[in-house]
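The following pair of complexes shares a single chain, chain A, combined with chain B in the former and chain C in the latter.
After this line comes the complex of A and B, so read on.
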């Protein structure tokens, strides 16, 4: 892992201090730079929106951080083994998934996170569009290089879904639910969507990109009128905005922990957690598979991630692609 | 499909003429161009190595085609429904697979064929190198966009293997054999290697690239000394060089026919043909799966392309990645 940037180290010192104060001498020693250089970094942080006070003989105090996504702010004190080893924050991009795939093609190491304030071509499943207005939501893509077969890569979609639910719980206390294959719902409305992409050879994965879009602070009037599925945001559900920065950090930590479990124990812990978070299990569902409509009771996930639906004749159908709704 | 280039049309007329002669008037009418323009095209073909004679009052006669890979020569009269809709011939490239993936990322339609006279970073399976000296072999990559799940994409490796065996048979009369998962052998030596790559979402394939390397006219002294597996070429086996152009055209036609069968009937016809071409079936084999060595009798292919090996205890092992050899 590369050496942290000075800004990252300073923010990290603020997050670790017991009394809220970090002295200029401490920063100077930690970074091996002059007091003048310390002062320049503090000035740059202030210009970036950080409210930092200087109290003579006590040091600097971080009063408030801006809710902007910057590598240093995301990485400072982040408790991750792999995820966030490199963070790339863009003001605007075509699609964070496309960017992460480009990094993947160029040999970037796993753990890279690409976030953007805005996407011009946000991608949903099956070539659909994902609405991506500026600076209210989280659009993130994470590059992984697990030593798995292409067959097993679809399992990682469920990992993202579980991580998003956990991050929503720890940021807001709200209980989100998962919807097969790649949605997260809050009060029955879509709050997050996942789109994994992979590059693979026949018997090995080159890389997987976990694409994650979460409606954080989107207002009702920002949703398009005609939606395939009703949508909401954390702010709408909670009644006030949430910190994009805190949510992002929380999400990356959840993904890191689940990914480690996946590498060590396989998909079972992820699938179990996913099934706990799915309230359609045991309920009557209707699955639209384009040319085929399957009706039955949702029985859970098969070990390859297929949706298991028991039809009226007792037959267990395995669904690999389709839209599921309560019947 | 785009309109064929004038050169392609002219070469196609030569291939269709019953008496060997094509008149200038005929070419002029067919292309809707002046006799002077016809003459310029003929001159260009001659400069490209085509031996074309002009016999007064009878027309032009194609005495000999050069063995160079050019789009017009590959496409002229090619009996394909999809494959070869666009052909891109490169003198040298990093890897035809990388090039075809780039076309895939940029939205190119399926059927694109990339061939190169030489590769600087020819790719083998599991990140290994594929020796790619200049102008003696075939290095080709084909872009496909089948409406299948990522789970089913590995089946296409077997399609390439069968197509290569059939093209070898029709070009040389030699009976090549397949070796799981992605090799073609001649007299027990490797004559071709296949490397498929795909870009996929969880429940759909964006594209698959069939990478095909065939040792056509490589001489014994051109093989590296230390090879993982003994290798040969069609020229070594046959005792004289083979036409790269004829082989390429034959291969593309075989792939096109098999791909149509795959789309219409699924993997069964391909798997059946592959198993017919595999002489290890029913024999004792040893499979090196990195950290695991499996010994037993090769029982064939599972429906997902896994190698089935029955061990001494009677258990049927499914192998997804490994190197298989006679025990």
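After this line comes the complex of A and C, so read on.
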């Protein structure tokens, strides 16, 4: 087990204290450092935007945490077995997926989370861009090394979609829905886009990167004029901003729990949860598969996650890649 | 037999100490052999079977390749790069970009030759040995099956 950073320990002491007060002596004992060193860490936290008050004879009190994504704040008291074992937060990057893939190529252990405040070339399908302005949203990529066959890896796509819906529910109470394979919708508008990458040999997965973009506090004027699919953010849907930090922590915990279930029980629990979150089953859909347009009724998921569409002629089509929208 | 069932079967067998397995019925015959030297699955069926180049067998991890009972490619001078997943085959990283490789391209070990997408999981297929691209067997954006050959290549 890696020893947590002093900052992380201090933040988790605050989160574990019911009345909110942590004495300097307590921190000093916990970290095995001098009172002067404690004071320096508190000063650094204040400089990072933490509002910490010092009340004589009672100790330090954390009044407010800044809504910035920092490894210590994300990891403090995080209830995860694998995800978030290492967290890398970047101010700006090309794409968190690219960064996570580089870590993967360099042999980084699974569970790594790469988060960026903004992306200059966030990835979408077919070379499309994922709009990634600074300070408002979550752009994250998670590195996994499951001992599964490459053939089964695409099933992980459904895992992150379910996790995002659950994190939205726990941080806002809003019921998000999924659209095949892994778009997340709020009131029929896209709120999250997920894109995964895999490095594999014939018979083994080197790594999988789950790329997750969630529109948290993006304002209406920050969306590009021409979007392929109508979009929204949690703040627009909820009417007030949400904490990026709380959302991120909740998301990582949901992914961790689903990933454990996936490793132990296979894709069934994930598929079941996904189907319950999908309200397009039984409805008319149009699927744009590059040059081919498939129209019919969504019949559900095949056992490998393919989209089943029954066309007017009664034929059952299996779709592995395409853009789905309600007809 | 469906690929899914074959996969389950291979998994079941690789979880045990069984080194040889044979099964035959009216339509098909399945032979699975495991060992440090030869590790392969033979799958003869009425439907066209998937073809794979021999891969380096590792003694630790159970390695599986699918080879036809009657080779469809007569000249064994060439090998193929196959799709490890079911999905859509893309020759380019994005629609506007240049193709990863063309006929005649010489690719190094680990160099990407194409993308296969399944359910928004993008798999960059890399060359497992240095080779020259002889033939591109699939159209851009075409659907591909598990184990289906994507490129005919000459090992260098």
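By definition in this document, the second predicted complex is superposed on the first by the 326 of 327 C-alpha atoms of A that agree within 3 Å, B and C clash if a C-alpha of one lies under 4 Å from a C-alpha of the other, contacts with A are read in each partner's own complex, and residues count from 1 in each chain.
Operating definition for what follows: a contact is a pair of C-beta atoms (placed from the backbone, for glycine too) under 8 Å apart; a residue touches a chain by one contact, two chains touch by 3 or more.
Since we're looking at a predicted model, the values are computed, not measured.
Participant: Quick one: on chain A, after the overlay, do chain B and chain C clash, or do they fit? Just give me the call.
Facilitator: clash
Participant: Would you sort A:198 into first (chain B), second (chain C), both or neither based on which partner it touches?
Facilitator: Touch status of A:198: both partners.
Participant: Should A:157 be classified as contacting the first partner (chain B), the second (chain C), both, or neither?
Facilitator: Both chain B and chain C are touched by A:157.
Participant: Of chain B and chain C, which one touches more residues of chain A?
Facilitator: In the superposed model, C touches more residues of chain A.
Participant: Could you tell me if A:291 is touching chain B, chain C, both of them or neither one (first, second, both, neither)?
Facilitator: The answer is second: A:291 touches chain C but not chain B.
Participant: Touching A:229 in the superposition: chain B (first), chain C (second), both, neither?
Facilitator: neither
Participant: Looking at A:149 after the superposition, I want to know if it touches chain B, chain C, both of them or none. Which is it: first, second, both, neither?
Facilitator: The answer is both, since A:149 touches chain B and chain C.
Participant: Who does A:181 touch here: chain B (first), chain C (second), both, or neither?
Facilitator: In the superposed model, A:181 contacts both chain B and chain C.
Participant: Touch check for A:303: first (chain B), second (chain C), both, or neither?
Facilitator: Second partner only.
Participant: Could you list which residues of chain A make contact with chain B in one structure and with chain C in the other?
Facilitator: Comparing the two interfaces on chain A, one with chain B and one with chain C, the shared residues are 125-126, 149-151, 153-154, 157, 181-182, 195-204, 304-305, 320-321.
Participant: Could you pull out which chain A residues touch chain C in their complex?
Facilitator: Answer in residue numbers: 125-127, 149-151, 153-158, 180-182, 194-204, 208, 289-291, 303-306, 320-321.
Participant: Quick check: in the complex, which residue numbers of chain B touch chain A?
Facilitator: 101, 105, 125-126, 149-151, 153-154, 157, 181-182, 195-204, 206, 304-305, 320-321
Participant: Spell out the residues on chain C that touch chain A in their complex, using ranges where they run on.
Facilitator: 4, 7, 11, 52, 55, 61-65, 82, 84-88, 93-97, 117-124, 126, 128, 141, 143, 146
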